[in-house]
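Presented sequentially are two complexes of subunit A, the first with subunit B as partner and the second with subunit C.
Up next is the complex of A and B:
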């Protein structure tokens, strides 16, 4: 590449990534602002008052707790379902295997709007009241594909000779699984769990339809926006951004670690 | 939208015979829970939703009486067909813009040394998967009357007074969606572009192609599978998004997602909402299959 072309490319890439990160930077700057007008540029730095305000905000803390409960429970269930599905698909030939795979993966391709409406109709036609449980079920639908695809692709790259060797040396099926297969899946699985938790923590499109009064953090945030913009929402937004960035970086580390 | 992180395994399930092992009971034990979950909470809800779209509303009740009125309503009510067309147009514009913006930068990333490339990719994944609602909200602050954009234009002397024309309209939806969906275009593009060996480009040059010609006749056709996946990601999410228009779109920026969503809220006509969802999904499906046919046909002509 000639010097000039290289320079142009670099400049363009920085421009694009500036555009990508612009919203997060703007929100963070306002969150640390002193004034209470969250839209006037530039913000008057630097103050932590809005972060302190969050700590006194009961509703937000409750929403934060709800988000953690939903995330932890949904990710755990999805981990079991996704891993079992991955092993079934990888280890066995059975009729309908491709259909089973396709259906399980469906929520990764179908927009949250569609699945949310479908689940809302489903729950109400069975007279199931919307609650944290319905939110958890909804989250499991789109978290299972994350785990399934991660575990399956790891299994496919895993040499079968390890397990073969383990069995030849006299280990039974459970020993082989616990001592050979699982340790080989560990980093992938941890990465996938962290990534799934991020998606759960961030989800609003699907949650919107199946939630009750028990709001998760994004929904609490959404509710506040209806009453106008305040610096407190910016502080909350900043916390959400930082939290998910940390999770994604961690997930990425594990998923690329094998 | 998760396609981009998933391994590319379409429907191939080839594996050696020795890998198939274990008993029938083992298979049932593994399959029981996920199969039950998928049937109960994915297959059944989508099926019931389909039935709903053919059922009648009586007051606030939905009775299982077959009718096509909701599908007729979709095609006869301006609110629906006009809104759908507008949304398809906005989604297509967002997709096109993302493709144009992402292609050069993806090429740049794909040709970096491995270590640098993984840093750029990480920088792409962070905004890709984090804080969807926060980033939409941020654009309200950026595009508002005394927001970042207006302040910048004022100080550059490009505007005499703050302009209202950036926020609460279709433009705001377009900008916000482009910003949100750009990473979903970059990642699949990079992963196809990095697989194209530079030697193939060099070969085209050696055989006498101008750089632009080599780019047009070699690089672009070979990258079409990635283009397809990227466009698919962006188009589907843009078309189905209802929170962006609700937050930054005002009345001008309303999309079909909002119309559908309101049938489950204020307007309260669930069967109509279900029918509208299926029609929109069908139209999107036809467009996607057409795009797939176009990109794959062209990609087949250039093989290496």
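Up next is the complex of A and C:
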């Protein structure tokens, strides 16, 4: 690459990343500011007081705990359903398997607003009281396709002769699953779980429709924004962004490892 | 032919009585939708025998192998092991192991763990496992790579691991699906020696699928030639080469001059025949009626140039149209007007082919080297 092309390349990259990340950097800077005006430029660095404020904030901590509970439980259930569905689609070409696949993938693509309203109507028509449980069910609906597609694409790249070789060498179907198939899915599964957890952790629209009084972190955050920006919300936003970035990077590492 | 200069110990099999068959395929048939991949195939496999299934792609050889392994259920027919039908047994219950075309080594296990796998899932005690794995790694000469993962091995090394992994289970029968297909020519010859030596040392029956006739000839005690789902002929390599049952087999094994002719008369096992205006004699063990169509196969190495052939033999005049040096011999193309003949003459150090392009020569072959076959309806 010539000097000029290199220069143009870096300028272009900087422009894109600046466009994507500058707003988040600004929020992070304010989060570390000393003053309590969250919008006056430039922020008066450097202080951790707003992060400490979060640790003392009971409602915030409760929301954080809720988010983790919802994330962990929903991801676990989605992992079981998604993996099982991926195996079913991969192993058996049954009548209507394409339709089954399409329907299972649907919740990942339907707008959260539509899915939220649909679930709300569904729950109320069955007289199911809104709670953490309904939030978890809602999250499972859109996390399952995430796991399904990741596992399915891995299965499709996995040579069928591994399983045949295992059977040929004397292993039964269960031994083959445990000793050959699962170990070869492991990295993909871990990656998909981390990615799904990130999606659950950041979800707001769907959660908004199907929760009652229990709030997840994004909902708590939303609730506070109605009373205006504060340095505390900036600090919280910064934590959420960093947490998501870490999870996504980890997920990527695993999914590309194989 | 490749085995002459190996150092491995060999226990020669007594050549007296053929050992008994322990595995019989009886009328084995497999349909895919309406088309038959394998049709009414019957074959006996004897103890300690090396069989190759040879044929072009799509002839049903791999399907046959996979039915024996248990990966594909036959549409009809039986697989008898010691006179018991094993068609309904899953692969893991059959005393048969497979070397896969892509080796199928488990990527998440080391070489050692791969080889140990079959013993582990069968619950063989750890100490015995260790000993058997070590012994087998030694036999195929990959002990130094025991701790490596398969992806860090070359194709030839992976092939040896696949072999060790299957053989360590001590199967009654080892199935090999185009095992040398992915290797280069030199490595392929090395692996042929390894395969043949191992098979003799362990005295395990091998059934080896290949489309490479040279490989089949080098390895097999018996070759099964298949076409379009049926067996064309089963015989020793020499038998197939010199006594093919039809033009397909004659053409598939090695190079040959194939002609179509008509029987003029037969006297004992010698037939006088006519083809494209040429009259010649050939040998047969069949009976041909006068006027009956027949196929003629003449191996290029049976053609002699300018030699003292007698009047009983077939002698013709032709023009040399091509000369190719092949190291051990010269390959000549000779034109007699109606036909282009391929002839091989031995190459001696420091001499040329003895003929030039464009030269008119007299050439011929003995009647008994000219093999006659029934023309198919």
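Here is the rule we use: the second predicted complex is superposed on the first by the 251 of 258 C-alpha atoms of A that agree within 3 Å, B and C clash if a C-alpha of one lies under 4 Å from a C-alpha of the other, contacts with A are read in each partner's own complex, and residues count from 1 in each chain.
The rule is simple: a residue touches a chain if its C-beta (ideal position, glycine included) is under 8 Å from a C-beta of that chain, and two chains touch if they have at least 3 such contacts.
Quick caveat: nothing in here was measured; it's all calculated off a predicted structure.
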Problem set entry | Superposition on subunit A - do subunit B and subunit C clash or fit | fit
Exercise. After the superposition on chain A, what angle is formed at the C-alpha centre of subunit A by the C-alpha centres of subunit B and subunit C, rounded to the nearest 10 degrees?
Worked result: 90
Exercise. Which partner does A:180 reach: the first (subunit B), the second (subunit C), both, or neither?
Worked result: second
For this session: Have a look at where A:53 lands relative to subunit B and subunit C in the superposition and call it first, second, both or neither.
Result: neither
For this session: Considering only the touch criterion stated at the top, classify A:250 as touching first (subunit B), second (subunit C), both, or neither.
Result: neither
Exercise. Is A:133 touching the first partner subunit B, the second partner subunit C, both, or neither of them?
Worked result: neither
For this session: Answer with first, second, both or neither: which of subunit B and subunit C does A:12 touch in the superposed model?
Result: first
For this session: Answer with first, second, both or neither: which of subunit B and subunit C does A:61 touch in the superposed model?
Result: neither
For this session: For A:23, select first, second, both or neither according to whether it touches subunit B, subunit C, the two together, or no partner.
Result: first
For this session: Would you sort A:170 into first (subunit B), second (subunit C), both or neither based on which partner it touches?
Result: second
For this session: Considering only touches as defined above, state whether A:190 meets subunit B (first), subunit C (second), both or neither.
Result: neither
Exercise. Per the overlay, which chain contacts more subunit A residues, subunit B or subunit C?
Worked result: B
Seminar exercise, completed: Taking every C-alpha pair between subunit B and subunit C in the superposed model, the minimum, in Å, is 7
For this session: Go through subunit A and flag every residue that touches subunit B in one model and subunit C in the other.
Result: 164
Exercise. Inside the complex, what are the residues of subunit A that reach subunit B?
Worked result: 1, 9-10, 12-13, 16-17, 19-24, 26-27, 30, 37-42, 80-82, 84-85, 87-94, 97-98, 100-109, 111-115, 117-122, 125, 137, 140-142, 144-146, 149, 152-153, 156, 160, 164, 173, 195, 198-199, 202, 204-205, 208-209, 218, 221-222, 225, 229, 233, 237, 240-241, 244-245, 248-249, 252, 256
Exercise. Hey, which residues of subunit B end up touching subunit A in the complex?
Worked result: 1-3, 5-7, 9, 11, 13, 15-16, 18-22, 26-27, 30-31, 33-35, 37-38, 41-46, 48-49, 52, 101-102, 104-105, 108-109, 111, 118, 120, 122-127, 129-135, 137-142, 144-148, 150-152, 179, 182-183, 236-237, 239-243, 247, 257, 260-261, 264, 270, 273-274, 277, 281
Seminar exercise, completed: Seen from subunit C, its contact residues with subunit A in the complex are 69-71, 90-92, 96-98, 100-102, 104-108, 117-118, 121-122, 165-166, 169
For this session: Using the touch rule from the top, collect the residues of subunit A that touch subunit C in their complex.
Result: 159, 161-162, 164-172, 175, 179-180, 183-184
